[in-house]
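Okay, got some structures for you below.
Note that chain A is present in both complexes that follow, paired respectively with chain B and with chain C.
So, the complex of A and B:
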């Protein structure tokens, strides 16, 4: 009974991915013949395969600049999102005040706002005449930097978009830790930081890994936030990819970039799988 | 139980998108009539949609009973890529692509890749009123039906005498750091036009003509002088950034953050009339060389149906009556020679001297140019 889903995945995902990989290696026949008819500056393999497209893209210093920008924005976003969502999740777990409930409700709101609208809002908020800069100016800080159209606006946007998912995952993970464990630790004289370090963090590893990997994969492939709020160059690979695909009419180079993003995402995916396997192994050892 | 659940989930996954897309197509369709139905695909902003949906199509259908137009619109060309692939595959397989007439940027690509059916004066007599130079870059395989040129918009509160030539403009940009920018060429035609104009100014007329008419990659190294000039401007433009999209520039102008920028004539005239741009924003054209203009082209896929009805429709679009709608609805300017239009039209375009439609690079040269700009300028 596993066959129909496998068939759907094979037809709708496997086949296009296979065709795209073949195209990046210079195979322009069969399912790639239509795209090859229109594309410019493509590398065609007459016999076997060619890595010329990969050499061209990776040899392009601007693409490498975009790649590094993508990597550091991804890592920074992962770091901030994990810390922020941990902090909010922990606060909500340990405090039952109305402030805690309000904070947790507010932190989920970005989930319901379309990314395009959010990006425009972030751009205006941090622009040269935006709210933040005006506020800083009124407070006497005249040299406050303009963040709109910089990588910082992109990082802020990516964090804004990813925090709700992080908070949801962390709160549910932390809520699954039995109160008895926390109380037992406190009763034996453990301080709050010690309880967090020795009880809550080890019990919440899997949600943390999920938040980190999913945030990373989202940022790697994101387009709207960097397109609307980012600088002209370098920008994230998602933006360059669409430029190569649409504006420069170089789909082969765009697909090579997609492969690079895919490899980065696989790296993150591997961390996720490793963490899951480790948890499963531990669970089987205990039982 | 589990098997049934999986089956239901798959059925939903497969059929809901299919039913949705089918419903979307049917939504714009006229119900089956005895007459001939032509399918038109257009992409662009709402002004393009209005032109077709509320003006050209209802008038044509009223004047020609028995002819029906099914209109498919793709906002901002979001479906252009898939449409091009669809037409390409259909023409290769020699069957009907489901579209008979295309109004989108992809038409020039279709024309150069041999996917278009050339339209001749014999089939659409009004084609003889069109400037023949506009047919060269598309090898006669697409029909120019409206035009717009790029003009210089400036904030008259701060700029009393706008630059008259390209050299003056470049001097002004350096004298007023942070008060000028243009959108990145790969995201909109107005910024593209500025970039190309700077590059064109250092290329010989003969080579430029080759770049406008065909694909000559070995001439691309002549762009380096102009691209270096453009790169030199980066430290003088607004925050050193080239925003994405024509509309982003209009926003910066309207907010007073920049004082001068290249903009589309039709888009800015519409923005001025709706109040999106204030009355302090004025338009002017530069010379030596002027900004490029562009024609929007219609394309007929080789395997389109109902060709006879289609040519009748194309001929109608090129009639002075339909061209007048282009002027009225979107402040565009006519593709047919202005002498076929009333004297009111001739006056209307005098102040932006829009009838100098300076041709632009051919599509493939343009694609390479955008790529080189992205590599060298920002």
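So, the complex of A and C:
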């Protein structure tokens, strides 16, 4: 019964990724033969494998710019999303005011909006004639920078899209901490920051790691947000790899970029698996 | 319950506001306003644009209002076609995904077999690949399989994104059905099929429905992969947004955005409780 989804994943993920690895190493036969027929600027390995495609892509200064942009946008988005999710999650956990309820309702709005719409809305909001510029102008700051079509708009868009997942994960994790535990810490004289540091943070390592890794993987694999809100170059690798694939007709170079993004994601995925394994081991030791 | 409540006199009194509590509230209010602008601002700004005729900078509102852009969008035949196409793909993808994944979800929840955890994790790997990199790899092989620019190609590329929640959420729903209920029905003489359709399935149905709605929305909103594989034959609503943003007046794109967001808002509102009740969060921890 479990075979069908596993087979689908094997056929449509395992197989293409394997073929792509072979293709980037210069193997143009088998499943890659059709794409190799139409490709421009291919590096073909007659015997064994060749790293020429990797050398070309990594030697391209535009691609290196994209890679650097991808790394800093990913790290910045992870940082902001984790902090924001913790702040909102904590506020909602510890306070029961109307403010807390409003905050938690606001933070899940992006779940209801398709990413394409969100990206476009964010672009117009931060554009040259958008709300933020208008607000700054009315407040007397006439030289306020335009964020639309810059990497800042991309960061804002990625944060916007990823906040609901972060808040839901953190709220769920924080709600799992029993009230009695928090009250016990407070009763024995711990301040609120101390309670957060010694009780809530250690008990929520896993949700935090999940938020960080999944946000990171999402940003690495995103196309819509950077394509609609970002500059033409340098932009995230997701945008340039689809340009290489569709517009420049250089699928091999595009797949090399996909491999680079996979490697970056594997780093994040390893942290996730490690944290889960550690938690599972601890749980089995207790019971 | 009411007796107990009456027996306890209302001892809680509002403490007198101190400087510190006032400052906390002020900070809280500022943060709420900032979050409101950040989260809701872009959407409101876009919605206003759909009804604007003339909107000189720097004004907070348009100076002339109109509904003519709605007529423009509704009169455009090609836009109508993309809407129709979106409503064709989403049910097909949801149905295919359900047929493939639901039996697996049941098996993961009810049977323990060698490699269960490995298979669960490998299904999860579909989520751990950065999406656009994965789509590029898939597209390379899709050429050889004659799936580029075909209906089935788009279905497969959208299917990949639905597998994780179509397996994990229903598996959790099946696990939540108490085994004692099933055993009781067995003892009363019901066969295994009857037990499944009269006991297990009805109790797990809400979770399955949530998974199906999420799949439907995923397919409906998916743009990156559809753009890569479906072009030029199959252009769905979110894919059309890419072109619309570049080639149409801003107001027409705003109208189209609102239309595209309606199904998302309606369907997500239906499952809001389940998604926010921690079911999504629980699905992300490997067990």
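Throughout what follows, the second predicted complex is superposed on the first by the 277 of 287 C-alpha atoms of A that agree within 3 Å, B and C clash if a C-alpha of one lies under 4 Å from a C-alpha of the other, contacts with A are read in each partner's own complex, and residues count from 1 in each chain.
The definition used in the following text is that a residue touches a chain if its C-beta (ideal position, glycine included) is under 8 Å from a C-beta of that chain, and two chains touch if they have at least 3 such contacts.
Since the structure is predicted, the reported quantities are computational estimates derived from the model, not experimental observations.
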| item | value |
| --- | --- |
| Clash-or-fit label for the pair chain B, chain C on chain A | clash |
| Which of chain B and chain C A:180 touches, first, second, both or neither | neither |
| Which superposed partner A:149 touches (first chain B, second chain C, both, neither) | first |
| First, second, both or neither for A:217, with chain B first and chain C second | second |
| Which of chain B and chain C A:4 touches, first, second, both or neither | both |
| Greater chain A contact set [chain C / chain B] | C |
| First (chain B), second (chain C), both or neither touched by A:35 | both |
| First, second, both or neither for A:245, with chain B first and chain C second | both |
| Touching partner for A:139 - first (chain B), second (chain C), both, neither | neither |
| A:19 touches, of chain B and chain C: first, second, both or neither? | second |
| Location of chain C clashes with chain B - one stretch out of 1-9, 19-27, 91-99 or 217-225 | 91-99 |
| Residues on chain A lying within both footprints (that of chain B and that of chain C) | 1, 4-5, 8, 33-35, 38, 128-129, 227-228, 245-246 |
| Chain B - residues contacting chain A, complex | 2-3, 6-7, 10, 13-14, 80-81, 84-85, 88-89, 92, 109, 113, 184-187, 239-244, 255, 257, 363-364, 367-368, 370-371, 374-375, 377-378 |
| Chain A to chain C touching residues, read off their complex | 1-6, 8-9, 12-13, 15-17, 19-20, 23, 31-35, 38, 88, 91, 97, 99, 102-103, 106-118, 120-125, 128-131, 133-134, 137-138, 160, 163, 165, 168-169, 171-173, 175, 206-207, 210, 214, 217-218, 220-224, 227-228, 238, 241-242, 245-246, 251, 254-255, 257-259, 261-262, 264-265, 269, 272-273, 276, 279-280 |
| Chain C - residues contacting chain A, complex | 25, 28-29, 31-32, 35-36, 38-43, 45-46, 49, 55, 57-60, 99-101, 103-104, 106-108, 113, 116, 119, 121-123, 125-134, 136-145, 156, 159-160, 163, 166-167, 220-221, 223-224, 227-228, 231, 238, 241-242, 245, 250, 253-254, 257, 260-261, 264-265, 268-269, 275-276, 278, 280-282, 284-287 |
| Contacting residues of chain A [partner chain B, same complex] | 1, 4-5, 8, 33-35, 37-38, 40-41, 60, 62, 127-129, 146, 148-149, 227-228, 231-233, 243-250 |
